[in-house]
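Labels A, B, C and D are assigned to the chains in the order they are written; within every chain, residues are numbered from 1.
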Amino acid sequence: MIVILKKGAQPEAVARLEEILRAKGVTANHIEGATQNIIGLVGDTSRIDVDSLMVQDCVESIRRVQEPYKQANRKFHPDDTAIPVRDCIIGNGSLQVIAGPCSVETEDQIMKTAIACKKAGATMLRGGAFKPRTSPYSFQGLGKEGLDLLIQARKETGLPIVTEIMNGADLDLFADIDVIQVGARNMQNFELLKALGKSDKPVLLKRGLANTMEELLMSAEYIMAGGNQNIILCERGIRTFETWTRNTLDISAVPLLKQKTHLPICIDPSHAAGIASLVEPLSLSAIVAGADALEIEVHCDPKSALSDASQQLTPEKFESVMSNIRKMADFLGRPMGK
Amino acid sequence: MIVILKKGAQPEAVARLEEILRAKGVTANHIEGATQNIIGLVGDTSRIDVDSLMVQDCVESIRRVQEPYKQANRKFHPDDTAIPVRDCIIGNGSLQVIAGPCSVETEDQIMKTAIACKKAGATMLRGGAFKPRTSPYSFQGLGKEGLDLLIQARKETGLPIVTEIMNGADLDLFADIDVIQVGARNMQNFELLKALGKSDKPVLLKRGLANTMEELLMSAEYIMAGGNQNIILCERGIRTFETWTRNTLDISAVPLLKQKTHLPICIDPSHAAGIASLVEPLSLSAIVAGADALEIEVHCDPKSALSDASQQLTPEKFESVMSNIRKMADFLGRPMGK
Amino acid sequence: MIVILKKGAQPEAVARLEEILRAKGVTANHIEGATQNIIGLVGDTSRIDVDSLMVQDCVESIRRVQEPYKQANRKFHPDDTAIPVRDCIIGNGSLQVIAGPCSVETEDQIMKTAIACKKAGATMLRGGAFKPRTSPYSFQGLGKEGLDLLIQARKETGLPIVTEIMNGADLDLFADIDVIQVGARNMQNFELLKALGKSDKPVLLKRGLANTMEELLMSAEYIMAGGNQNIILCERGIRTFETWTRNTLDISAVPLLKQKTHLPICIDPSHAAGIASLVEPLSLSAIVAGADALEIEVHCDPKSALSDASQQLTPEKFESVMSNIRKMADFLGRPMGK
Amino acid sequence: MIVILKKGAQPEAVARLEEILRAKGVTANHIEGATQNIIGLVGDTSRIDVDSLMVQDCVESIRRVQEPYKQANRKFHPDDTAIPVRDCIIGNGSLQVIAGPCSVETEDQIMKTAIACKKAGATMLRGGAFKPRTSPYSFQGLGKEGLDLLIQARKETGLPIVTEIMNGADLDLFADIDVIQVGARNMQNFELLKALGKSDKPVLLKRGLANTMEELLMSAEYIMAGGNQNIILCERGIRTFETWTRNTLDISAVPLLKQKTHLPICIDPSHAAGIASLVEPLSLSAIVAGADALEIEVHCDPKSALSDASQQLTPEKFESVMSNIRKMADFLGRPMGK
């Protein structure tokens, strides 16, 4: 951490600052510049609050040198984290395709869709039981009943199941779920993150609509600090001024997060664009960029879907997308599912 | 709601669409255009899901004509909503100034700060007991103990108290709090909003970092749909590419929200900019733009604050800001506090 | 175009509006709704200014149904546009790789770099002679001398040359240049676009940092309206709140622009991220998403470069990137260069 | 400037870096940290390109300590710059109101509007002769004829005139114009900025839609580096994801730019929101925040305007806005016009 002093800072103010720093257990190194003086801090600066230094009279600005995330940091954990989910492993070089409807709607719908996903080559099943909807008047999901239907679909197809939690108090309901998803709008619901830190379930953590990659890693850090190391990061589009797409897929996040963290990365092309015809090109781009997993919305009958109808693929379209995904995975030497 | 048909849409596909619309209880009116045909929907379209129409074969696009928020809509509720909070009223033309520290830290700190705020003319007291922090390693607030200290500070000063909730499960702890705050990161924590809908406490609902004004109103609608009409909206800066300020205060939100909704509006100049020296000019701008309330961070000793040190005012600075706020309120004929 | 009338609009105001519409040669169709009346406009609405209708007393809002771009619109020009550039063709299914330094610095530098690019398999050469720099104190490019050095490098390597214009008045200097580039900051420099409309040179038009895809197409429309149909669109990253990358590559722009327009699409992975190590993954993603061309910065000695040092590849690194690009192009059945 | 070294950087690489730094005339000071080493640079670092250091093997990152703008920097020029424009002075504590139509359309329109603006108390007249329009099919302005009409309107009313330039080659046409405006889309049209640097006319420089305040100051620096110190900065709204307003007025820019630079600040509430009813509250907010000038669009008959109809005020509405502006200016002790 580096402290840039104000021009003409009073020696007494600087002395007071140094005392504060000493009390926090770091050493101060002075550099006298031609126009400005600087103090370099040596020691464990992770507990120093930037703001609390900023308000000292003599301080002009502060620059952090080290990343604020530790357990998620590849520097301190160079090897990729691979997360087993029943028969699948996420993060070991394989490619996982998590497919299924936006919402679990009926037994018929989830069973038909799950069987179609399995047949097309999906390796995991998704489906929303608790749905975060912008409007209180929209379909809010089947709740507990939806979770039961997912478990039934897993029995039928063997596919591990992924579904979203919205409330830490519901955690017990998720005891038989394979991967717990945290939605974009809850990325900084810290109470929920803390609750998940006490679980040992794999967590699929989605990046918020206006959150930076560093903030995504800090939210992962919340869960990891609680003791749960099984985090899959998911980029699902960020909010920009572009209006043709629902969000803007930040494809650079894949290779860049791979450099910064050891955690596996998933891409959700369905929410990223909100347009079914973009799912295939974005999926292929994501694989090529290095994504460990894809999460794709598929519905046995999108025209009757209760949510996100325009971005869900039909089983036929999904089969065709999967065929091209498989070819690309083959070309890249990446096995699917294991 | 208006449906724009694809060029060359098949009559059968259009007939199928009309059947769907009829089933939803709306009437379809056709307009034959030179290059494109359009269907205007008449009736209660609030329950029609745009996405579910979008996927019909013959549909090119859909345009909504009516706002999706109802109870928060000024069209259906032309008079301003005024919310009593003990002796204060928010939204009746008066000006409220909610002041206090970012976090409640110690008894001494909150009592000193509360007394200073009261003396300078603040009409309500704020202070965080449950703190949403980006890093799990930062100070997380005193929790229940912080709420108790706030109640003690209210006893001493008579100021109604405002503090943030992060988890619907904690609602019972807030029984003796006057206004419950929902932070920007929880604006779309729908489980929390639903819990607050069942309460009758005034809620100070902060706009998310990347949320539109319409989304803010939809989140208010969640609480109102649950039965709680006592919502104060709060603009606290949105995220942009600008880096000199922590966020960008969207001052236009004040007069525009006043047109769209009957709910009172609060501005938080401290979080908006993250810079203490901007609190005064932004506060004055907000009052002039029509804000019903301000929320300002004040700390008896910012240099020792455990969070947000750089944006909290000293009691002396706050007194000087309040003196100019009072002059402006006088000039505009707006009483303070009642 | 659809006009939504205010509730309780006066019949006289509506009659006046209809008169205005008739005068503009369009027909008005009324739909009486339960809560709101709507007018659908039939005819050539491309000359109607939305704003001029908005201010009529009876109008609540206006919705455009048709795209404002015509010549760039795939609807009216279903076949892909292929643009010949000497021996290369951009937009015919082949893949072009435009490589070279950010700036032309010296004869030695551009010749060495050009030869290395050619050797590695680049199909065109880029290099900046007129440089748009944020600071007036930064290197501004060699100007005319830089263009001459590029022409010399073309003589040596046979690679067609691409370079940026910043001023319509300079157009004569570009007579012997193969493709004229318009930088992101000049995307809405309409005087420059008009000047290029009178030329017949291929134009590589970069999307502005905060421009939508529709605005990019409107800027292409400016050039096309002037008579020049040879436009290559280039996505080079847009500005978001993310700070780890210089910009955010909008990969969705590739497949979506392909749907909306017949013009070829280029991706610039070097400027998009501003990080050399991301050039390879972003290039591969772009090809897979359907890009017709890539523009990659290569410098014979990046460590001594006068601009954008951190995003330029060494010749060795570029060779390795090209080897993977070639494999991907082969796999996709896309010939390079022709 | 501070250089953060990679962990385990080779001593030879560091030695090479130091040699480079020495060659650039700056002194390197080492700080040995517990986990990372840092070099602080002392001397004139304004000519060091951050990128060129970034590519050295041993460098992990670079932090700039000093601002890259010099002539615009208040640090080196503590007194406010006041710019005389005929009888008016911008930046001396007075308040200027620049009013007039978006575009000069006809002699009758500009004369009527100018007289109405003068009568209502405007101190300067605006009007566009060269119009930057998103679509090539929209009205492009009267060009030279428009400038002549403005000069005629000045003769009639005595109001100094402000109008936009789009092309450095047109500068001669602006010889009799009082203030030359650079539009948001041309803020980084560096060729135009250079041309204006050679003029001595006051320049009203608008912030780009997605530009930071620092970039605005760098564009001012371009003009100042050319010798022209008469710059008025103008904030006119930035692009965000919010859709209810055309842009988001960054009101914080007023007090913050006042801290960073000595140049006067203008606010354009008409373009910022694109909504006539917001002009008054935003104008009052801007004055209170410290703006030196306002630029407001007024049209003698907005309903017939050829551009931006929905944001232009009628003369009657403008009179009412001006009456409140005057009261506020009186209250703040700010004279209008001189």
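One rule holds in what follows: a residue touches a chain if its C-beta (ideal position, glycine included) is under 8 Å from a C-beta of that chain, and two chains touch if they have at least 3 such contacts.
Bear in mind that the values here come from a model prediction, so they are computed numbers and not experimental data.
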{"item": "Chain pair with the higher count of C-beta pairs in contact (A-B, A-D)", "value": "A-B"}
{"item": "Remotest chain, chain C as reference, centres from CA atoms", "value": "B"}
{"item": "Centre distance in Å when chain A and chain C are each reduced to the mean of their C-alpha atoms", "value": "31"}
{"item": "Distance from the mean Cα position of chain D to that of chain A, given in whole angstrom", "value": "39"}
{"item": "Euclidean distance of C-alpha centroids - chain A vs chain B, Å", "value": "26"}
{"item": "Two or more partner chains touched - positions in chain C", "value": "210, 239-241, 243"}
{"item": "Parts of chain A lying in touch with chain D, wherever the complex brings them together", "value": "2, 4, 7, 29, 31-36, 38, 40-44, 61, 63, 65-66, 75, 210, 239-241, 243"}
{"item": "Partner chain D, residues of chain C touching it in the complex", "value": "46-47, 49, 51-52, 54-56, 68, 132-138, 166-169, 185-186, 188-191, 194, 208-210, 215, 218, 221-222, 225-226, 239, 276, 302-311"}
{"item": "Chain A residues touching chain C - in the complex, by the definition given at the top", "value": "210, 212-214, 238, 240-245, 248-252, 254-256, 259-260, 272-273, 275, 277-278, 281-282, 284-286, 288-290, 328, 331"}
